[in-house]
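Next up: the structures, one after another.
Here subunit A shows up in two complexes: once beside subunit B, once beside subunit C.
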Partner chain A sequence: MIDTVLFLLVDGLTNGLVYALLALSLVLVFTVTRVVNIAQGEYVMLGALTLADLLQGRMPGTLYLLIGGLVLCIVLDAGRWRRDWRQALLYTTGLIVAGVAALALTRCALALHLPVIGMMLVALILVAPLGALIYRFTVHPIPNATTIVFVIISVGVSMSLQGVALLIWGANPYPVDPIAAGGLMMGPVFIPYQSFAILITALLAMGGLYVFSEFTLLGKALQASAMNRLGAQFCGIPVNMTGALAFLLAAAFSAVSGMLLAPLITANYEMGFMVGLKGFVGGAMGGLIDYPLSLVGVMIVGGLESTSAYVASAYRDVLVFSLLIPILLWRNTRSRVEARR
Partner chain B sequence: MRVISVVSALAALAMSATAFATDKPELRIGSVVAMTGPASALGLPEKNALELLQEQIAKDTNLPFTVKFITYDDASDPTKAVNNVRKLITEDQVHVVICCSTTPTSMAILETVTQAKVPNISLALGQSVIEPVKDRHWIFKTPSTDQLQVSGLVDDMVKRGIKKVAFLGLEDSFGEGGWIALQSVAKAKGVEIVASERFSRTDTNFTPQALKVRQSNPGAVYIHAIPPSSALVHQALKRVGYSGPIYHSGGSANNAFISIGKQDVEGALLGTTPVLVYTDLPDSNPLKPVIAKFAALYEKRFNVPKVDIFPGQSWDAGNIALKAAEEVVKAGGKLDDLDASRAALRDKIEGIKEFVGVGGIFNYSPTDHLGLDQRSTFISVVKNGEFRLYESK
Partner chain C sequence: MTKLLDVANLTVGYGEAIALDGISFSVARGEFVTFIGPNGAGKTTLLNNLMGVLQQKSGTVTFGGEDLKTLKPEARVARGIVIVPERRELFPGLSVEDHLRLGAFLRRREGRARMASALDRIYALLPKLKERRRQLAGTLSGGEQQMVAVGRALMAEPQLLMLDEPSTGLAPRITEEIFEAIDRLKAAGMTGILVEQNAHLALSVADRGFVLEVGNVVASGDADNLRQDPRVLAAYLGAGDRYREIATDT
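On to the complex of A and B.
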């Protein structure tokens, strides 16, 4: 009995931490840009598949996406040449250099056969900018759209990314090497080292985000745009830049969680969506604006998921998503109490 | 002058060739497979095998008819499948239809072929495509069924003296098919099902289900899923300390299963079709030369390292149609009389006995439109990272 509880606890915690990175991304994106990003889970998938490609010595398909996105950026900015050709030249050259650099970096990494951690960094560098590119294409052109429009757009982005991934990688699952193979016998419970890697990385990521937003100028700009977008704009903070930055950071967090998850469940084109939704349920606990409450939320999701899979496996997803109802009711009463005060 | 003579000679040759062709009737085989869409992993190899068959018969002058193959894509979509089958029947006037790659698409076209009274050979796994037989008068199929494979595996459990089995399956229609098959087979053979747990392809953790299964103390576990989840569930069972035999459905019998499960899936037992293990079969087995010949042809033509189960299914379907058509012509049937020859073809397919194909030995009958029996299902075991034959039957 005790070993069952331990197993469920360890797995619940591990999954909770993976969802935590997702919830973190969702909260970050929502606070800064007011986008409820349903597509957040797809970066999990992109991160995992990119890492799988790199580890198996292939040029990752993500490069197509990245370079295609950069080219599209240049095309979309064609109007700028007439207004200010110097700036436009600088911008275009910058993007081209970025594309070439990404290509060179990947080639180097493949030639050097970096260890798993090194490859994870390279994959991160390839996937994170995709977040900023998606922001440029889907949010930047319509800054004043309502939340619901952004939700619908993000559903579209999610479907498109999944479709493109199916096109690039096919439906086959790819096995991914863990950071450290093997595991530890703790009493009756076998814990893979990968679970510890997830714990450490999740804590580092959360700490990193905290330090970044409290102690750097960019981070403070991010916070300011999160608190009051208009006010931040009056203070001279380029809110489009902070929006892109939020998308980029969120993509990075999600990609990391994908790379940590992939050794446990393999990388495949449809792995991201569910993870994204579960992160969303956790994030809903904090109303998508409160980091600590979101963390509590994802831990509840992780724990509930692993317990319900044990007790009634056919209903585990039903139970996890039903959790949204009490969460929303609770948030509703809370906000009403606050309003009365 | 010389040019003219060459041209006229060629023209004469061409005319004689057409003249030669017209004195034989034409058999039209129409097929609709999923070349694109989610089921394209099945449909593309199926299309390839039909292409190969077409090339092979082009060389065969002994056939009492010429054969025309018409192949369409249904994009894994039931609506498109129905439209294309209708087109095959009315516009292309085919004698026999080979459709479709998946169970949903095959179910969708039942009505169309039945009303038009055209024989159809399905490439789908689901038993519901051909049963109940009295409503599926015009439908046959070549792939093995869950029922047949599960029954082979449960026989092995009984042989080992295992009384209790636990089920772990996908929560979609594929897993449901396995669950239904296991329930009926286990009941018939006196094996008790002590646990039934579900998971989905996108789950991130399979340990809770594995724990539950281990605690029900089964003598064996049957997993009905496809990789990656089937391999991951297998690993989870090992992780929680389950050490009994683990059986898998044919859905796991592919290389992804081993590349994901690695050493953890060593010893896994899988229900499978003969294609996967034919090299291990004894030379006396009639299937061995047939599969070896097909595998050599297919691997050479399409440059694949090892043929899998899907191309064999359409290859068999095509060959069954050809054999039935030969019988029709031999019995004096006229292929030009479309309605009569379609009906005659159906009867001849139903009359096929001991036909050795790639997927097994077919014996169709008025009560059995699957035509396969235990001689056509095998158990393979993962040994040193390869699928080997588990026991010779």
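On to the complex of A and C.
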């Protein structure tokens, strides 16, 4: 009995940590840009599939997305040439150099047969900029749109990315190697090394975000844009830049989460949506604005998921998503109490 | 004196409603002007337009010879147009010192030494901020928040400092402290636009004044002359009754 409980606890914790990275992404994006990003899970899928390609020695299909996005950026900013050709030249050259560098980096990594961790880094570098590109195409043109418009847009982004992924990778699942195979017997429970890897990576990512936002001026600028957009503009902080940065960091966190998750469930084009929604349930606990509460939320989601998988595996997802109802009720009473004060 | 800011036939509105109806004025380098007038006269609208938050319907705004029309707020800050907004627009979860550092966000590449000396200058001007430097802005009193807003604006090294109703909601003693700081800035050669409901206070600081009423400039001139202007006295200095008494006595 105690073995089972311990096993479920470890399993739940592992799931929770994966969702934690996702919840962090959601909170980061929402606080800085007011976008409830339903498409956040798609970066999980892109991270996992990119890593799968790299580990099997193929040029990852993500490069199509990246280079296509860069080209579209150049086209969208064509008007800049008339206003200030020097800046436009610098910008265009920068984007072309970035595209070529991404290609070269991928070729090098494939030629060198990097270990899994190295390939994860390369995949991260390929996927994270997609976040900033998507910000440029969807949020940047309409910064003052309402939350509901952004939700609809992000659903559209999610569907398009899934479609494009189906086109590039097909419907087959891809196996992904764990960072380290095998595991460790700790007392009565067997803990795979991958679980440790997930724990360490998640802690590093969260710690990194904390250090970045507390100890660098750019991090403070990101917080400032989240707290008061107008005030940030009055400081000369370009809010489009901080918005794109939030999207980029969020894409990076989600991609890492996908790369950690993929060895456990294999990577496929539609894996992201579910994971995204589960991160969302956890994030809802913190109202999408509170990091610590969101972490509590995802741990509850992870725990509930592994327990229900054991007790009633057919109803696993139903149970996890039902959690949203008590969470929303609880948030509602809490905000009413706050409003009354 | 050379013109720093030149506003010509500026019309600004919200949808159909016109808030500023073709006003023109200019501000020379080193000059402090003030806009006084009742609520809804268009004072804040003017500053919001100069800051780039609100587009004009027609008219031009030139700053240092450059047309500002297409510039975003952050680009205007980069050119030295900085505002102390009426609602302060602080970041409740960040400390006082964070606010000051973020005020110098666009000058972040100038190095630690310059940042430290800029901070020292602000702390010398507003000593209370130094006491509170580690405190979160959300926990400060109204007066201290106003000082943070002023300090944050100054960190950008403004060419043109715009203050929107700095005395709103503050105790007289605190208001005095803030206006002393403004006085010292002015003495140091700062160019500024001060928008105030408290006309007496505003005219005591500024070189020139404009009286704004429902989107139009109805009176303007040297601050000293404006203070003697019977219309201004009657309407904005709260001395109207006294003025009438004096008039009937003689």
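Definition applied: the second predicted complex is superposed on the first by the 341 of 341 C-alpha atoms of A that agree within 3 Å, B and C clash if a C-alpha of one lies under 4 Å from a C-alpha of the other, contacts with A are read in each partner's own complex, and residues count from 1 in each chain.
One rule holds in what follows: contacts are C-beta pairs under 8 Å (C-beta built on N, C-alpha and C of every residue); 3 or more make two chains touch, one makes a residue touch a chain.
All values derive from a computational prediction rather than experimental measurement.
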Subunit B versus subunit C as contact partner of A:Thr4, first or second or both or neither: first
First, second, both or neither for A:Phe215, with subunit B first and subunit C second: neither
Of subunit B and subunit C, the chain that contacts the larger number of subunit A residues: B
Partner chain(s) touched by A:Met227 [first = subunit B, second = subunit C, both, neither]: second
Common ground on subunit A, meaning residues reached by subunit C in one complex and by subunit B in the other: none
Subunit B - residues contacting subunit A, complex: 38, 41, 171, 197-205, 207-209, 211-212, 215, 227-228, 232, 239-240, 256, 259-260, 262
Residue ranges of subunit A touching subunit C (in the complex, touch as defined): 83, 217, 220-221, 223-224, 227-228, 230-239
Touching residues (chain side subunit A, partner subunit B) in the complex: 4, 7-8, 11, 14-15, 18, 171-173, 175, 190, 261, 264-266, 268, 270-271, 273-275, 305-307, 309-310, 313-314, 316-317
Footprint of subunit A on subunit C - complex, ascending: 51, 53, 70, 72-74, 77-78, 82-83, 85, 88-94, 98, 101-103, 105-106, 108, 152-153, 156
